[in-house]
Amino acid sequence: MSRLALLLARLTAFVFATTCASLAFAQGEPIRVGLLMIKTGPFAAPGKQMEDGLTQFLRERNYTIAGRKVELITADTAANPAIAKTKTQELIERNKVHVLVGPLAASDMLAIDDLIREAQMPIIASSAAAEDLTQRKLNPWFVRSAGSSGQISHAMADYAAKDLKYKRIATVADDLTFSQEVVAGFQHVFEESGGRIVQKIFSPIATPDYATYVTQLKPNLDAVFISFSGANGPRFLKAFGDYGLRGKVAVLASMTTVDEAILHTMNDDVIGVLSSGWYSAAFDNPENRKFVAEFRAANKSDPGLYAVGAYSAGLFLEQAVIAVNGKVEDKQAFMKALKAVQIKSSPRGEIRLDAYANPIVNAYIRRVERKDGRLMNVVLKTYPNVSQFWTFEPKAFLANPVYSREWPPAKNLE
Amino acid sequence: MHAWAVQTFNSVAFAGLLFLLASGFTLIFGLMRIPNMAHGACFMLGAYVGYSVIKAGLPFFVAVAAAGIALALLGAIVERVVLRRMEANEFAQVLATMGLAFIIADASLWFWGGDALQIPEPDWLRGPVRMGDLVVPKYRIALIVCAAVAAVALWLLVDKTRLGAMIRAGVDNPAIARAMGIRVSKLSTFVFCLGSALVGMGGVLGAPIISIYPGLDFDMLPLAFIVVILGGIGSLAGAFVGSIVIGFIYTFGQAWVADLAYVILFLPMALVLIVRPQGLFGRPAA
Amino acid sequence: MKAVLIGTALAALVPTLLGSSFHINLATQVLIAAIFASSYNVLAGWGGLVSFGHAAFFGAAGYGAALLVLKAGFGHLAAAMLGLAFATVLACIIGALALRATGISFLMITLALGQILWGLSYRWVSLTGGDNGLTGLKRPALFGLSLDGAAAYYYFTLGIALVAFLSIRRFAGSSLGASLRGTRDQPRRMSALGFNVWLVRWVAFVYAGFWAGVAGLLFLYYHRFIGPHSLSIAESAEVLLMVILGGAGTLTGPIVGAAIIVLVRNLISAYVEHWPMLLGVLFLLVIMFVPEGIVPGIASRLRALRASGHKAPAEAPPHT
């Protein structure tokens, strides 16, 4: 009898000890954050911004949140969805991360969607803007810290139609799903406000020379709306100016086209270009002044959307981790906390998430100007509380097909 | 009428750029039978070198010359040290030049960073000029002139000089050329340097239009291939005609059938090759 | 035969040796690449036909099967068979067109046709999803056994890989294989001897396309995803590199080459930021020291070592 009691006691003690040990072990373990970015090839510069933005956040917090150390592990997806999948698996299984940030490209995100669901891995998408991720194809483990593709171009279209009173616009954009969504968002609001998109051009992503496209533009345009990534924007603007269109036709751009990451490499060709974005390095609030100063000191350029998206992901992470008292291992609670974040102040203003895990942001209308010797996106107007649905009713919006090349249908083409 | 005229101009300008890219490639390929997979990377490297020279405050034409010299030196080293060892081993050449391409690309990323860089054209060539109804950039006119000058110079070299005759002999039949006492190996080095210099200068000359970014190398390489294969390997006339044909197809194709932009370049080339495998000006395969 | 058995035994032990599903998955990826590379070896190594569009068949099978399952509701087996058939028919057509030329023109035609296919997959968004590709595919259950686990899928792939390698070895050793090598080395003589050079090459092209399609299907079900990248020039170039690196015209060369490139890309890249440069340097070193490729290079070194230990040099069996 006593032997049984002894055995039970030992068993209980053992179980108790190991449970305590594992809890203590878990508490002592760092929070591992996996960052999916791109280090090689044409997206190397935005990829670096992602890393810089997140590391700046972590540095500010001394790599500690809610008393737990934070460890950052980066992975290069090389803009190849198959590699993105492999790297995601590596981060989940080998590095045993607790949360993922990124990836950079929307196509990478769509490729790893099923892995995320299976592994039940919380992911904060800091730049992938694909609309349906927060609309019709919701993933319960997904939260976005940037914005959706069309969200911001809605504001640009409104400004163009109502403030600038433009009527005839042509669009030129990269032939990528992302840019197609951006253009669709612009077209949707612009035509609802009485304007007409008279021409839609999508150029291959590897276009060495934009002369053909620039010279195809219809006459008597009020403006051209452009959406490019990387070097394509400056190249287009150069051809635009070279063929004498600067000053004759206004240029409205998407956020990525004149993002701070490439803005500093551009020349005066770009001055006067209007764009919309959920951030500008020139946005004046105390957090941003501090953020930009630190970023400038640590890196060559000003922070742009990739850096701030990643920094915002850090802010989300912080709030959610604090809300669960550091227990990120409790995935359900952590995910719930992530979706409930409300950032009162940040370099980009207030951020909170809508019911679909997409941020409700301030949309800034910006103009490129040279200030203190550097090119900056000076803020002209702020649209507060812009959701991915603009002023449309969410259910009605979702009943339509997702933004694409074909939707909304272009009825006013000449 | 106006649309035709301006697209024709664009075609010719783009053709000029292609010729600068492809002429070096066809010489190297023709004489040494080496498909230089690093050709695009050399174009990019030339542009980067030019960028640094201009950043240092030197004028544009110095940048062009510097890029030419730098790439010629690199070409000489590569040819002597690496390519020499693998004559007639086509696979080895592909692997070696591919390896070089990777190294150059990654080293460039390391040294110049991942940002897209712009080179401004010389001040006196900036901006548009009015030619009747047409508004065209001055720089592209200059580019056409440069390409034309290069074409004439190369033609004179290859057709009118003894050196050129030796090169042509080497392209036609290296074995017999050697038997005739032509120092094919010295010639190879010279041609490789010349081809590299051309592409390096082409990189700087093209940069004000194309800009410089990681990935430029593999964006430009297929274009070089297409022009050279279409025109016929080893033939400068072929490179010239090929550039013009591709320039027009590329420009008008994107204007008329933008939806088929990816296909538009390859379809005509595939058709030409299926009908005439040696290209427009090439010699039928031995 | 002994080597085959040892190799198979080792391969079968891989999941137990490696343990973590991440590493097992890497091994699966190596096998898929090895099949792809071996298929290309038939064409480029034994046939001497360097194609720059081999990824077309890899991707076509994948896209075909994916579309049938996702958009037309086909069952997995039927979709896979039809996808493979699609790739093979494509190989018949492209082979017929491309083999009108040889050498560099052949290369360019395959490049062009491959690019056209790539362009279609990129642009025909309503069908192929454009640059986002096709996602949402589930792995089938084979005779009731789920293939979802890493080890399960590894064994499945290993089984198919063995069939592939043995089949290709049989092909190489057959008279057709010998004829193919003949057309590579001495096309005019072969023609003079009465061989239909074109037919031999075309059959090899289709055979190579078939196995590339098999690899493509395995890739599709491994990643449960396919995108335009699988049809790109980069993919075709990569398989060429694998074969040259490992040793064109050998049986194990492509496998070694595939292993190296897959591991550098996926594993080493975590430790070495400038892994493209590493790959480039590796290529150059291989070229300088073992220009025929790693496997033949090592084999000849070993032979030389063994020979130096014997009075008469051992007659090494031709390892083709």
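Going in written order, the chains are labelled A, B and C, and every chain counts its residues from 1.
FYI, a residue touches a chain if its C-beta (ideal position, glycine included) is under 8 Å from a C-beta of that chain, and two chains touch if they have at least 3 such contacts.
Remember, it's a predicted structure, so these values are computed and weren't measured experimentally.
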Go through the assembly and pull out the chains touching chain B as well as chain C. A
More contacts between chains, A-C or A-B: A-B
Where chain B and chain C are represented by their mean Cα positions, the distance between them in whole Å: 32
Geometric centre distance via CA averages, chain B-chain A, whole Å: 38
Roughly how many whole angstrom separate the Cα centroids of chain A and chain C? 37
For chain B, write out the residues touching at least two other chains, lowest number first. 106, 109, 261-262
Could you check chain C for residues that touch two or more other chains and list them? 122-123, 276
Quick one: which residues in chain A touch 2 or more of the other chains? 40, 175
Of all residues in chain C, those that touch chain A in their complex: 20-23, 25-26, 29, 122-123, 125-126, 130-133, 135-136, 219, 223-225, 227, 229-230, 265-266, 269-270, 273, 275-276
Chain A contacts chain C in the complex at 39-40, 75-76, 78, 80-83, 85-87, 89-90, 93-94, 106-107, 110-111, 113-114, 130, 175-177, 404-406
Show me the residue ranges of chain B that touch chain C in the complex, using the header's touch definition. 35, 82, 85-86, 89-92, 94-96, 98-103, 105-107, 109-110, 218, 222, 225-226, 229, 233, 259-263, 266-267, 269-270, 273-274, 277-279, 285
State the interface residues of chain C toward chain B in the complex, per the touch definition above. 50, 97, 100-106, 108-109, 111-113, 115-116, 118-120, 122-123, 233-234, 237, 240-241, 244-245, 248, 274, 276-277, 279-284, 286-288, 291
Considering the complex alone, what residue numbers of chain B touch chain A? 3, 6-7, 10, 13-14, 17, 106, 109, 113-118, 120, 127-128, 135-137, 139-140, 206, 208-215, 219-220, 223, 250-251, 254-255, 258, 261-262
